Amino acid sequence: MVDHIKVGVLGSGGKVGQAIVDAVRAADDLEFTVGVDRDDPLSDFVDSGTEVVVDFTHPDVVMGNLEFLIASGIHAVVGTTGFDDERISALTTRLADSPSVGVLVAPNFAIGAVLSMRFAQQAAKYFDSVEVIELHHPQKADAPSGTAYRTARLIAEARTAAGVGPSPDATTTELAGARGADVDGVHVHSVRLAGLVAHQEVLLGTQGETLTIRHDSIDRSSFAPGVLLGVREIGSRPGLTVGLDELLDL
Amino acid sequence: MVDHIKVGVLGSGGKVGQAIVDAVRAADDLEFTVGVDRDDPLSDFVDSGTEVVVDFTHPDVVMGNLEFLIASGIHAVVGTTGFDDERISALTTRLADSPSVGVLVAPNFAIGAVLSMRFAQQAAKYFDSVEVIELHHPQKADAPSGTAYRTARLIAEARTAAGVGPSPDATTTELAGARGADVDGVHVHSVRLAGLVAHQEVLLGTQGETLTIRHDSIDRSSFAPGVLLGVREIGSRPGLTVGLDELLDL
Amino acid sequence: MVDHIKVGVLGSGGKVGQAIVDAVRAADDLEFTVGVDRDDPLSDFVDSGTEVVVDFTHPDVVMGNLEFLIASGIHAVVGTTGFDDERISALTTRLADSPSVGVLVAPNFAIGAVLSMRFAQQAAKYFDSVEVIELHHPQKADAPSGTAYRTARLIAEARTAAGVGPSPDATTTELAGARGADVDGVHVHSVRLAGLVAHQEVLLGTQGETLTIRHDSIDRSSFAPGVLLGVREIGSRPGLTVGLDELLDL
Amino acid sequence: MVDHIKVGVLGSGGKVGQAIVDAVRAADDLEFTVGVDRDDPLSDFVDSGTEVVVDFTHPDVVMGNLEFLIASGIHAVVGTTGFDDERISALTTRLADSPSVGVLVAPNFAIGAVLSMRFAQQAAKYFDSVEVIELHHPQKADAPSGTAYRTARLIAEARTAAGVGPSPDATTTELAGARGADVDGVHVHSVRLAGLVAHQEVLLGTQGETLTIRHDSIDRSSFAPGVLLGVREIGSRPGLTVGLDELLDL
């Protein structure tokens, strides 16, 4: 018989929190213990024997939450945003005192997004050309998307490290904007279209062939499988892990 | 028994001309008569009983060619460029004197390109949003491509005529160029990538759904089926026809 | 000043009905009058001065609903299924007595689906090859989808009518099923994948080029724009109209 | 100053051989020494100080070629087919006596194809569903393609090794062939279309998101960049290397 991992959820009153509670409940190998929301005591996790807590709360409270969890010997999987270098450094220090506890902090739990970024990075140096197209719903305020921007930077870094030159481009006459934005030499195009949600294509090309890595996310629930993966793995990864891709076997 | 259409080729010494000779020879319902190149007399077409001539030559000579063909009662299918309003008007005048002769002048004989432009135009008013992505080999000098530019203008005209407002767009923070070029309110994105030839996507979106019309051309021979279609139809279309789409049954 | 069209909804208690009520309310040129559900009297539509009723109910009650509406001089836009030849014929008879009333019956109100089917039909005869790929969520019980089946039949009819032969296919060694299902000579492939909703691609190819018409529907709300289009048009289309494409200006 | 790698070509009279000669000549860091065809002596490679030989010849002669090259201390990059277990074993034995010599044998030198296969294999276990669509020109005799078949088997192996169950599929009514061929539980669909060359899509899906890895090859020259990569790397890889992916830094 397999022991179930006992999982609690912080921020269980929100939409995301509720989706995670549902996902944990639906998983055969996990057991949902308790949800803690704004007014509930963190000690509920200790009382219920929780082994891993998922935290999708708010930058203002997440550091306090983690301090308590680490001190209590409970692992954490964190989707809350706002982890700058200072916070990462503070977390590392804190974890040094509890060498058996693991914490995963990840900006993106959609496995498809994480994999497509990694594959783009790996493939980047083997192709003469690479460009990125991201496509989103028309309510989005920023262009390009944060993911596309990061993807382009990772691609550019990989190409620089390998000594690959810029993508060939003979454009001499351009209607302003046609060739997209330039992110460290990688062209990035942002489409905004009713009927879309969140999509991204990395196009890589060399003589006679192209490779396209496309990610389509049509639903905010797409973070759930990545969160569960984190829950299953973090118990055997003491210390701080940043980014879901660190848990993937690539 | 079906009578074969007797087809001659002007500019038969060039790459395109030769491809058309081959295509005519391969077609069951057509008969190749004679190829005429720079130093050959146009009278060869008359002597051989040619019914339709395909002209892929040069702007400097095409008007003289057509004058001869029209006077000789021979139909023409013309892929040579440079037909501005003045030339179109001159051709119309000339054809008025030979009411049985038909001339087709078309800037693009790739049926897929012509259809995708027409479909984009027809669909444009039924969707909240529309954008165009064109993708070409990196030796291309202009961005966007002429076809993408024309497609965007046709889309914009169709939307204006139907009283459809601009595509929704909440972008407030843009890295210069990310949202592409603006052609009469339609965003157009130009990708340049090794391994590509000539490709275009029109993306249309409304609540919960998108329609994508994509054309891929991987070979310069893609004009051949359109030329043959013109050859088969022009005999029953006296006067001047501009654009292959006029011959399509849409 | 523009007069608003007064719109009522039958089956307003269901999910689809509610979505239509919301869409009507959100439209500037329409006025929602009343929703009628299982236990409400149809006379509410008369009392409220309703001009057009949208019926997304059940095959068991729809004919009775329409009888009442036609007799009351109210136009109808019907998404309820089950309209076989017999019902269509009965409706036509009924409408003959009320020459000013219009009824639209459509199996599919997603504009993108309707357009892609129509475009596929129009393009079919200009290409050597055509195949259909449909992609759906893995809970779907039938393969291929009804839409793909209908699309393939329309394509086959268009090609037969134009005297176009079968798509070329040199396959001599096939692992059973690899080449898909054969619908009147058109190959149809059905993909079932978690993370998808409802998608279809028609691929058309000839020498050196391909044309792809893709429809993506990610949300059941995608019927709303088509229903509103029907509501706006049906008042000026007396008699029976079958299929949303009849209202499109193609 | 960088020393150029001195590269010779076996089978230099054929189309592929000639393309490789051209590619070597065009590369800044490589120096073409000599081409050897049917009637030329292999000793030309020794006389010219060749360091690496590319062999795209014939199964009947390739083992003799390699015997000579290994004995002469020359590295080899081999695209010739027909390497079964017996030949691989014989090569390994032969190389044991020349510990400084490296030989690369690869069934596919298109980097995009090799990467897409590898990425599909890596991603396979993180998604509920996976299917493969391959699309080729209509002259192809076998369906599915060898590459699609291999890709599906690699995916199936990766999923089995990770204990992932079959892709969900609720199909109860299927028109024969609609759901494609079954390769070790992975559905594979084969499209044959005029205007295509060689294309493949691996579709992976989980809750709310999909990842698509697409490879398009439009030109037989697409092996060249992979061959040059092999030429550059094999000098530092003594012994036998099977498959281009072994040289990729993934």
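Letters A, B, C and D mark the chains as written, and numbering starts fresh at 1 in each.
Simple rule for what comes next: contacts are C-beta pairs under 8 Å (C-beta built on N, C-alpha and C of every residue); 3 or more make two chains touch, one makes a residue touch a chain.
Protein names from UniProt, one per chain: A, B, C, D = 4-hydroxy-tetrahydrodipicolinate reductase.
Every value quoted in this text rests on a predicted model; they were computed, and no experiment measured them.
**Student:** Looking only at C-beta pairs in contact, point me to the busier pair out of A-B and A-D.
**Tutor:** Result: the pair with more contacts is A-B.
**Student:** Which chain's mean C-alpha position is the greatest distance from chain A's?
**Tutor:** Comparing chain centres, B lies farthest from chain A.
**Student:** With chain centres taken as the means of their Cα atoms, state the distance from chain A to chain D in Å.
**Tutor:** For chain A versus chain D, the centre distance works out to 33 Å.
**Student:** Rounded to the nearest whole Å, what is the centre-to-centre distance of chain B and chain D, using the mean of the C-alpha atoms as each centre?
**Tutor:** Taking the mean C-alpha position of each chain, the two centres sit 39 Å apart.
**Student:** Just the number, please: Cα centre separation of chain A and chain B in whole Å.
**Tutor:** 46
**Student:** Which positions in chain D touch two or more other chains at once?
**Tutor:** 112, 127, 195, 204, 206-210, 216, 218, 222 - these are the residues of chain D that touch more than one other chain.
**Student:** Of all residues in chain C, which touch chain A in the complex?
**Tutor:** Residue positions touching the partner: 112, 195, 197, 216, 218, 222.
**Student:** List the residues on chain C that touch chain D in their complex, please.
**Tutor:** 127-131, 133, 135, 138-144, 149, 167-183, 187-196, 203-210
**Student:** Could you pull out which chain B residues touch chain C in their complex?
**Tutor:** That would be residues 110-113, 115-116, 119, 122-123, 125-127, 204, 206-222, 224-225, 229, 248-250 of chain B.
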